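Next up: some structures, all given as structure tokens.
Two complexes follow with subunit A in common, the first pairing it with subunit B and the second with subunit C.
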Partner chain A sequence: MSRYFGRKLLVYSLTFFLAVTIDWMIPRFMPGDPVQTMLSRGMLHAEGLEVMYGYYTKAFGLDVPVWKQYLNFWNALFHGDFGTSVYLFPQPVIKVIMRAVPYDILLLLPAILLSWFAGNKFGALAARSRWLDNTVSPLGYILTATPYMWLGILLSWVFAIVLDIFPIAGAYSFAMTPHLSWAFVGSVLKHWFLPFVSLFLVKFGGWAIGMRNMIIYELEADYSHYLEALGAPRRLVRKYAFRNAILPQITGLSLDLGVIVAGALVTEVVFSYPGIGYLILQAIQNQDYFLIQGCFLFIIMGVLLANFAIDIAYVIVDPRTRLGMVGEGA
Partner chain B sequence: MKKQKKHEILYFALRNNKVRFGFTIILFFLLLTFVGPLLTHYAPYDYVNPKGAQPPSAKHWFGTTMFGQDVFTQFVHGLRATFLVGAIGGALGTFIGIVIGFTAGYRGGIIDEILNMITNIVLVIPTLAILLIIAAYLTVRGILVESLFIGCTAWPWAARAIRAQTFSLRARDFVDLARLSGMKDWRIIFSEIAPNMMSYLLLVFILQFGGAILIAATLDFIGLGPTNAVSLGLMMNNAVLWGALLLGVWWWFIPPGLAITAIVGALYVTNVGLDEVFNPKLREM
Partner chain C sequence: MWSWSRVCRLLAVLLVLGLTSVLVLGQVFPRNETLYVSGAAWGPPSDWNPFITWSKANTTGTIGLVYETLFMYDPLTDTLIPWLAESGRWVNANTYELKVREGITWTDDNPLTANDVVFTFQLAKMYPAIWFSPTWNYLQKVTQTGPYEVTFEFTANPLYQEWDNNLYNIAIVPMHIWQGRTEQEITSGMNPNPVGSGAYKYESHSEDRNVWVRNDDWWGTRLLGLNPAPRRIVDMRFSTNTVALGSVIKGDVDLSNNFLPGIAHLTQWGYVQTYFAGPPYMLSANTAVLFLNTTKKPMDDPDFRKALAFAINTPEIVRVAFADLVKVANPTGLLPSLEKYVDQDVVARLGFSYNPSRATAILASAGYKDIDGDGFVEAPDGSKIELEVTCPFGWTDWMEAIKIIASSARAAGINVQDKTPDYGAWNTALTTGTFDMTLNNWAGMSNTPWTLYNLLFRHPIQEIMGSGNFGRYDNPQMFALVDQLAATPSSDEAGMKAVCSQIQELMLTEMPMIPLWYNGLWAQWTNTCWTNWPTETNNNPIPVAGVSVKRLPSTWSGYWQMGGLLTLTQLQPTGACP
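Let's turn to the complex of A and B:
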């Protein structure tokens, strides 16, 4: 088990190291002067330009040797210093991001977990009933092929514009300020529902198909036939098949996190939901590079943490990893 | 003997409903990319309708945008971008996956460990985040550059899958025999192992194709798509940006998303169908 976690931690720390390096490298080694490009696009006064140029040259630390710039970057990172946002000047990037993170958690955690559970459940059911298979499978293929933003656009058009049941944008009613009351919670939930459903549906299709195929594969495996030959009840065989089929689905969940995050970004853009995705859109439109880089690091950290959580779950579900035998995900 | 086998696969492929269904849809859209531009006499960003957004009519089949641009023209040109990104990005992703997968799976040992580590790292990093930060710093972006980036970041799972397959083939007798006869490593890979995985590689390519299309749509939608061309994702981006939702200009945002869904869905279904064709065990007779 320590070997399993050791390998995982090595991969994650290398990934983090690489990500930070990329984050540091890209603005410095891309063609052109990022400071100049950034400032020429921003609408600033002449004197403001001067100040900003000085600030950015210092912030990028372009006046010291390259190796020192790199070390400084890490140093700043460990002090939680992600730079200052241009678009929301003079707020520090970390503060801007921290304001957005709760909405991401509110949106992503339920969408990921519920779609995973529901998809696995329906996929497993579809594998044993012809009727369900003929409805869930085609639907699953259509849903996984749907681009996240398009489903979001459709849902918001139908439910927010045509039927006018749900609000079209924001995380809570514009007439309210965040406070703890039933009305406010209700408003948050109402704004949360459509983005959640649109994320949920796309992912649901993928999990259902994956589970259906895995169960069919497991039911063809030798141990299933052997159990059947012994006269074990069908339910028991299915149960064993399910427990084996769930393992690749757990690995799949960790492999898919990046895609889900990408989906969440565009979904937030569609619904103007103030999470990191929406923030990134605004950062891009306003050429706010510090904010983009900060969001990038935050996404990487989130994905790494989630991966680690999934690894722990894997150990709990698959006893083989606990006994030191190398499991699927190692 | 070999020819007969090819015929057999073609026979089963043509009789497989999933393959037929998926192929028809893909062929339809592919045809539209070639014929479509001939059917319109506008350029994608020409202002052709002074009245602004108007629903589909005989003159403008898919209606016009808020700026009076012809949606159908944008649509068929965007389709071309979609297929290009899918083909180039998918091919590159598959190629890198093949090189790394074969090397890691055939060599094993320390090389396998290192390549596996690299694969896992790229696998964990959210691809879009990387693309996002690169694209944000590029001032001029074309479809080609976009597909190259997508291909360079989408290969890990292909490499993993191919590595696993190579691993199992490597231990077979005929590979041992080839090795005993003193064949060079790369010849063993290409003449002994690869032919046994051809069908598998084709399936990997199809999935990479579909994946590249979806990634490109996402990038385009956040405004990091090609700066000098039209694409389906860009159309949706513009539609949302200019309030097509609020104003109910549905003909602007429905066609691009529908086309992407149809193409990617058709690719997935073809993939499953071909899997049945190549694996007799899965065939429903």
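Let's turn to the complex of A and C:
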């Protein structure tokens, strides 16, 4: 088993190194100059611009050769320094990200987990009930096929403007500062609800369809027919089918959890909800090398950790993996 | 096995812990004391440092509400308003004497004196990264000549026009707080919890808002009798204009300074109010200019540039791209607030307007004709003309505008295509001079026509043109005229007009760039909770510090000291909001 995980770790470290290198390279290959972009927003005096351009290029460490910037980048990274944001100058990138991340987790964690549970449950049921299959499946297809942006705008228009029962923007009332009271908690929930529901609906459709199709496939598999032929009760056959069908769903779940820091980009734009998705969009538009790097570093780590978690989860839930490892060791 | 009740209990504990970790002394703002504004911020607040001017968009109010300037300026009546300064005057051609108003205090109760003014200017002398440090190219010495008296001594040729501009843009900081700071803290520090002298104080912020609370001990109330009406100002940041529009319709926002294309309809239906009741609804804030790259053929030919000016269907841009919220610019490019500097005679003789037949006539007489029969003209030397007009991707109104520019140019026989690169790429092409033609509007409301001409005819021509003359129009005669304007005292209005007239004559003859339309001072508001907003019919001059001035309905950074703050002092609660 240690050999199995040792090899996995090596592959992950290599992937991490390559991904982070690409993450460092891509913004630098984009045409444009972040310092120039930053200063151009200030409508500055022309004489001043020249001097300031030099000063801030140096401050951001962009005045040295590219290979040196790359080495400096790794050096700083190992010291836990993500650099300073250009777009949100002079805030350190790590602070910008840490301030935004809680909103993403608050939104995505419940949406991902609840939609996964509910989607699998309904998908599995739909595979066995004609009535459910005729209602849940088309609904699921419609939900997953709906352009998310459109669904979000529709929800926001109907519930926030026409019916006026939910707020249209923000993470809590603009008339409040955070404090511990029922009014504040209520305000947070009220602002959270529409973005959450929009994410939940779309994800729910995807999970439900996936599970339904997998169950039908597994029930048609040879082992199911063999079990049935042996006279096993239907309950038992279904139990085995479910255990096999859930495997790809687990993979999907952990990949979804892997991008938790950035998975709500469109939601945050449509509902004007704070979070890292909106920051990534702005960082790219403003060519903020450091903020782009920082955000994608979190995504890379998230995806790798999620993959690692799948590897472990498979060892636990899928006996075949365990058997495979024994065979390998022998 | 975990029971449900245990899980629930754990979640509850976590929730409480999470809430207490962000716990500050929280409160709910009463609606009738709070003004909700939007449209200034485009990102989370990042600093409260008045010397980092380019980030002030995200924390508008740092300059204007917290830190204040020596003067304010009213562009509608062209009046400098003595503010932190009680008076200021040129005692001779290169000495300026300033009297600081007595009785002003910082929010930590220390008095604001001549010391603080001298210190602020000295900072720019020490640290070139401060935006107004170029002032020291012609400023020689700043001395404190009394507890409230400051004397500025200049070299032989002070830039009078720029100096006036500085007077209402440089924020004065308290010496007793800033003198112990390092260069890095001053030029790149976040300056949290700023101590200023202004009408409002920083209260709190989060990812999508800034909250300012009234300074009840403000000197302006004591010395000038001005009372800012809202106890709190909440500046809201929305992700898109769609959300901003929704918030306006819901009544969540009192004053929105976002560009919202549908406002003309909302005004007519009575949802919101704007400065003018009819088109263009908004005051004009800056000029959109089509810069032509004069280093490329055929844009190096004045006849070609002129033909293009007549070919562009600007009325269509106003109607389609902006839904009547902007207005066609004067051929000189000067804003309506600077109209007195427009030489109407020059404009009548040399001005241009949309006239496609005139465009084709100019092209034909200059030797541009369609040789290969593709419907587009070739240059007199027979080479093909294929040009691009650009603006940054995502600027939807401008994207629509360049489409119309391209199609109307094609209609006149000039092959122009519209392209929308990312902002970064656009900015690089702009400053390094690799574009063909592009839109730019970096000269806003100002006390002097020099601001616009400094953008249009920035010189000398350098490898990177970061702040003007992007088309690299190289004409020593024009540069000399702009320099002459810069060195004309602002009291010499006749002298300014004379130079402006020569600049306009040369500009409209050579047509190195084409002013197209005025972008608006986007502002729409409701009268639900707050009323007495400035409009065309409700903006009688009010007496402030010995002068009579008008108000502007704007919360943008740089506009607080141009009538934005005075709007706050004249607001009245309607009482209709609980």
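Assume the second predicted complex is superposed on the first by the 250 of 330 C-alpha atoms of A that agree within 3 Å, B and C clash if a C-alpha of one lies under 4 Å from a C-alpha of the other, contacts with A are read in each partner's own complex, and residues count from 1 in each chain.
Going forward, a contact is a pair of C-beta atoms (placed from the backbone, for glycine too) under 8 Å apart; a residue touches a chain by one contact, two chains touch by 3 or more.
Just so it is clear, the structure is predicted and the values come from calculations on it, not from any experiment.
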| item | value |
| --- | --- |
| Subunit B versus subunit C as contact partner of A:307, first or second or both or neither | first |
| Touched partner set for A:319, first subunit B, second subunit C, both or neither | neither |
| First (subunit B), second (subunit C), both or neither touched by A:49 | second |
| Touched partner set for A:100, first subunit B, second subunit C, both or neither | second |
| First (subunit B), second (subunit C), both or neither touched by A:6 | neither |
| Comparing the two partners subunit B and subunit C, which touches a greater set of residues in subunit A | C |
| First, second, both or neither for A:269, with subunit B first and subunit C second | both |
| Subunit B versus subunit C as contact partner of A:168, first or second or both or neither | both |
| Touched partner set for A:153, first subunit B, second subunit C, both or neither | both |
| Which superposed partner A:186 touches (first subunit B, second subunit C, both, neither) | neither |
| Subunit B and subunit C contact sites that coincide on subunit A, given as residue numbers | 30, 32, 34, 37, 153, 156-157, 160-161, 168, 269-270, 285 |
| Subunit C - residues contacting subunit A, complex | 16, 19-20, 22-29, 31, 34, 36, 42-44, 46-47, 49, 52-55, 57-58, 128-134, 137, 162, 187-190, 203-204, 206-209, 211, 234, 236-240, 242-243, 246-247, 249-250, 252, 394, 421-425, 427-428, 431, 442, 444, 454, 458, 462, 464, 466-468 |
| Contact footprint of subunit C on subunit A as seen in their complex | 30-34, 36-53, 55-56, 59, 85, 87-91, 96, 99-100, 103, 153, 156-157, 160-161, 164, 167-171, 173-181, 183-185, 268-275, 278-279, 282, 285-287 |
| Contact set on subunit A toward subunit B in their complex | 10-12, 14-15, 18-19, 22-23, 26-27, 30, 32, 34, 37, 141-142, 144-151, 153-154, 156-157, 160-162, 168, 254-255, 257-259, 261-263, 265-266, 269-270, 280-281, 284-285, 289, 292-293, 296, 299-300, 303-304, 307 |
| Subunit A-touching residues of subunit B, taken from the complex the two chains share | 117, 120-121, 123-130, 132-134, 136-139, 157, 210, 214-215, 217-218, 221-224, 233, 236, 239-240, 245-246, 248, 250, 253-254, 256-258, 260-269, 272 |
